[in-house]
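Handing you this structure, nothing more for now.
Per-chain residue numbering starts at 1, and chain names A, B, C and D are given in the order in which the chains are listed.
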């Protein structure tokens, strides 16, 4: 955006404004754009979810407002705006007021590092991935504020559940991404995407494969397991079924949102759906190549870019459109999976959720990091790191061996850990009654 | 009156005696204080803090209900929790009390029939049957064979629709967003269409009369019923595939809300809850009323007595009901008599006396106790509502489990507040 | 565990996973497959009872469910299309059986004799408390009350849910359309009973009030019958009715003058005016006016003013100049009075329910319209009574004037007009 | 550009100081914790301003995302949250004395640094060829495993020990925790206590037999 604005102002008009003004203008423009996009994503996602889940339940879903019910979210939004904003008498007014803001702000900030297409990233932070998760963890504070300020037991329970869940599931999420970071050696999201060019084989590992934009990490065993773990963790972070415990309506009414109404409630809703969108998008970016796809690379090679300043802007446009299309298609596909899971699964209990995160997912990600290390060692390392036996292998052979080894490691680890986890779960409910015998005898007398 | 005596005509499994028998279980119900045990045990010596109050947690009282999404009506549970573990639970009900029994004593016998629909609004046909049977017993009215077949058909359809709904609500309480409920409702709607064809109403059927049913099945009923019988196994199989081996459901249901069979008998729960606890007690078998002795069907029982067992027992009961309906479809054309005893009158005036009739309603034993003083209105009218009786062990069943389990246990009991509060 | 018992067995349900073959998580995938199948199958309609896939939503306002014949929602009253006679005989069976006691009715009485007639004067059902049990339709020995298929009764006005006879009435053809076989079963018996009942119904009693032209036709028929009969030459002057249906005095005066002329031409003896006490005036002013007129007429000892004819009727239908006309005017006045009485009872409800009347029932015109009009005006009972008493007094005075002895016999009742009264007059 | 950065720095510094003041002056403990979070956030922003992106992100991740949550959780376990009626430990002149001592101690730490630092703002441009500052992730990692390996390992061991300690305490706490027996467990325990259980049913009860006579109508209506 900086380049465009700079080109427009300083080159086309010849005004020669200082750089910081242009930077400010371009950042403001991007921010405005994103702030406009985010609520519309939320509106569309609510409609999308309701339609999809209705189909799964042999229903039609909202179909009255507008063509095929498309304006239903607008109507809901109008309803939200016109509702009375109620603050409980016993509530901590300021904290109650600030909580939705604290929840929404981080989700908006997370847009800052999300690349939409080739060369279309608001900020290319070199620690973008970490930034994404660091910022997302802030919203936990907002949830806790909401729960504490509402002075409602259900809200408090919901907030505690939500925060415990978010904090616990951040660990498997980040650890699963660590495996991918090991594969690429960078924390920059843009570079992560660029590493996923190629054809089913990351072009970083086997040089010379044709660039069809299909070198996604999901096609490696490490990436596959990381994706599964990450998606599960994302479900928990985004409070989706089967991990929608913080707002389990059958148990604790609406969780931390119980005492909110009107647009404050709407903000929580907004934050949640935007967060879901972002989690889906980041899953698409990291494991499914983001905007990578057949044709984007070819188009972008002919476009104006830092590497190729003499390109044609038409290709910029085309590559941008195709890239955004790929990204959104993948994102909505993931969101569909989220909806699908919501339609198919009951929810876990809160202690089971914790057990699942800590006792199953985290060990699994640790194993996955080991297999990522194996992958890197087999593919990239040579005699200088002390790996000599792969010296004479062709890249394809190396790739094949690494694939086989990591696949075996991951499958064995998955089955073994699942068995152990199931056994521990079965064991957990059991208690040794004889320990209590004396106490009970005393109680009875 | 000898109705308090329960007969167990079926061989009981080892260790299960008559209701009040073994183990000195008398009075071992919720009156006693729950056993709370704290075992002080130091695993790492020197590490334990000496101050016991340091880790003392505070008990929290939560009102679940009466305005709560998953209390199945206006029902309140006063829950005392320690963290998320339930220490004590008190069911509070009466919010839906409508004075049913008193109203019934002001009405004539026939006028009460539509009121019984409103008891358990999911199973109006079953309620009708129990009441009609009680009045017929009291007034000595014969029911023609065909009418009996129609009645059994309706009640078995009711059982299927009740279980389809109950399982859907149970799964909904577990957090599966109404998917199974929507599937169950789809089947329920089909059955309700049949009810509407026969009786004119979907839920408040008011179909039974003393001496039969109000009108014969319309000609389009049987073809539709046969179509439904094609869909029914597919529905149940799909339900099993969707949920039976679902790991999350198993985690949520297995070992939760265990009601041991001795205690189940002591609490005098009935229906799928009792059978889920492993007691093969089914009035259709124990004391075959109507024409139930002419059908082959099995009695599914559970082995542990937890939510999962109740879930499975209900699935199996839907299969057995379908089996009964198939037999009815076969036998109905040969049944003698019309749809109603032509001599049965609208205004019954039974002789002085009393009668108790009970049926195996989808939720358990539904009984009507009537006392007649010779007038056209019942002198005393009493409903033995299965939802109400099955609710009594709720407090004890929930103790020691988590808050999230409460709604699941409540859902597995399958109550309808209209019947609990009456 | 399975134990054989009589006709069946006790089976212990099989818990847990059926096979150990599975990878962990396969149960979840199975469930997802089921949901996927439903999603994929949801782009078509549900095919029927044997189908468990496909959308099974009825898009309600556009797509109407096909209701079975036996469907019952709220009770309605039937009347015969040809004769427009209601089937109800007010036997009170439904009122008695109704569990929530929401049915109320009064029996019609013969205006001439005061004896009950097998017809219903007013019939009220409180739809808001009705529990749709269908007992009323079941017990009705004349198949007059049936259960409707109309279920869109929601209204913001609670009062609308107390429904009167005008709104309850449906033709038999309507019921035959919604429940052909159920009507075919009972048709013969019901029609036979109806024919029997019609014979016992004098005048237009028992005719559906919302069929104006039918009633008009019936009146004409009665008229003809009366003309054929050799009535004594003392036609009853119409009683001065205690109420007037239209506030427009012009029309009333016109009618009155016409009637008076007709009576003069007939040259009959003086008939004292009679005010029907039971008739509730629709309008205080009109009532007073009528009373004053009646008084004046009595004083004058001339023919009293004829009742103002129903506003809806064209002036051409005004009484012809002979004794027939006087009788007709009398009958009309009586009917109008009766109707006004009914109308004023149901005043708050009628007018608006009339608007919501489904198309099946022909729109009320003529008499019904006038009743509705009367109902829209605030019915002031006190004023009505006052007017009636005044009229009576006037009549007495007139009688005291030595004109005729018929005056004392005329009570406040509606049955003063007609040949009977004039016979009396002639005899005395 | 430099002016802008200085303005931003001023704002962030004001936020940090203001929030820190609020932390110690506010009565409500929860509010104090929330101000503390704001303070942490300001520090993170400061790091970002210094172009230490990784540090900034880690600050947010660890302090805002984890530590502050921990603090809030700890607060939830306390009874009095609002702080009304809580007597302050010291008051009056003693309070000022305490503040003075604290300030003095802080000055002892900060003053030598301030005096010895060469305040040449802005920093002189580094000559080309010098390595990047120690803010990059790769450099940080390399430094950890080459230069500061011992410290890194010690820190890791320390954290592991703390983790194990926490688990031990949690286990002990779980063992000590009041356990509410479920109905089934209680029943089982009672059965074991009453061992051997009385087998025979009280006299007068009908023995279970297949197909017992159902309660007849006459029996009911007697």
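By definition in this document, a contact is a pair of C-beta atoms (placed from the backbone, for glycine too) under 8 Å apart; a residue touches a chain by one contact, two chains touch by 3 or more.
These numbers come from a predicted model, not from an experiment.
Set against the C-alpha centre of subunit A, every other chain centre is closer than that of C. Chain centres defined as mean CA positions place B nearest to the mean of all protein CA atoms.
For this pair, subunit B with subunit D, the centres built from the Cα atoms lie 48 Å apart. A separation of 78 Å divides the Cα centre of subunit C from that of subunit D.
Centroid to centroid, with C-alpha atoms defining each point, subunit A and subunit D lie 24 Å apart.
Each of residues 179, 181, 185-186, 188-190, 210-211 in subunit D touches at least two other chains.
Contacts with at least two other chains are made by residues 10-11, 35, 37-39, 179, 183, 186, 242-243, 246, 248 of subunit B. Each of residues 56-59, 343-345, 436, 440 in subunit A touches at least two other chains.
Of all the residues in subunit A, the ones that touch subunit C in their complex are 52, 55-60, 63, 340-341, 343-345, 414-415, 418-419, 422. Residue ranges on subunit B touching subunit A, taken from their complex, read 35, 37-39, 60, 62, 68-70, 84, 171-179, 182-183, 186, 242-243, 246, 248-249, 251-252, 255, 402-407. Across the interface of their complex, subunit B is touched by residues 79, 168-169, 171-173, 175-191, 194, 197-199, 201-202, 205-206, 208-215, 217, 219-222 of subunit D. Subunit D meets subunit A in the complex at residues 1, 4, 28, 30-31, 34, 37, 41, 53-54, 57-58, 60-61, 64-66, 68-69, 72-73, 76, 81, 136-137, 179, 181, 185-186, 188-190, 192-193. Residues 10-11, 13, 107-108, 110-115, 179, 183, 186-187, 189-190, 193, 196-201, 204, 206, 214-215, 218, 220, 224, 227-228, 230-231, 234-235, 238, 241-248, 250, 254, 278, 280, 285, 293-304, 308-309, 312-313, 315-316, 346 of subunit B are the ones that touch subunit C when the two sit in their complex.
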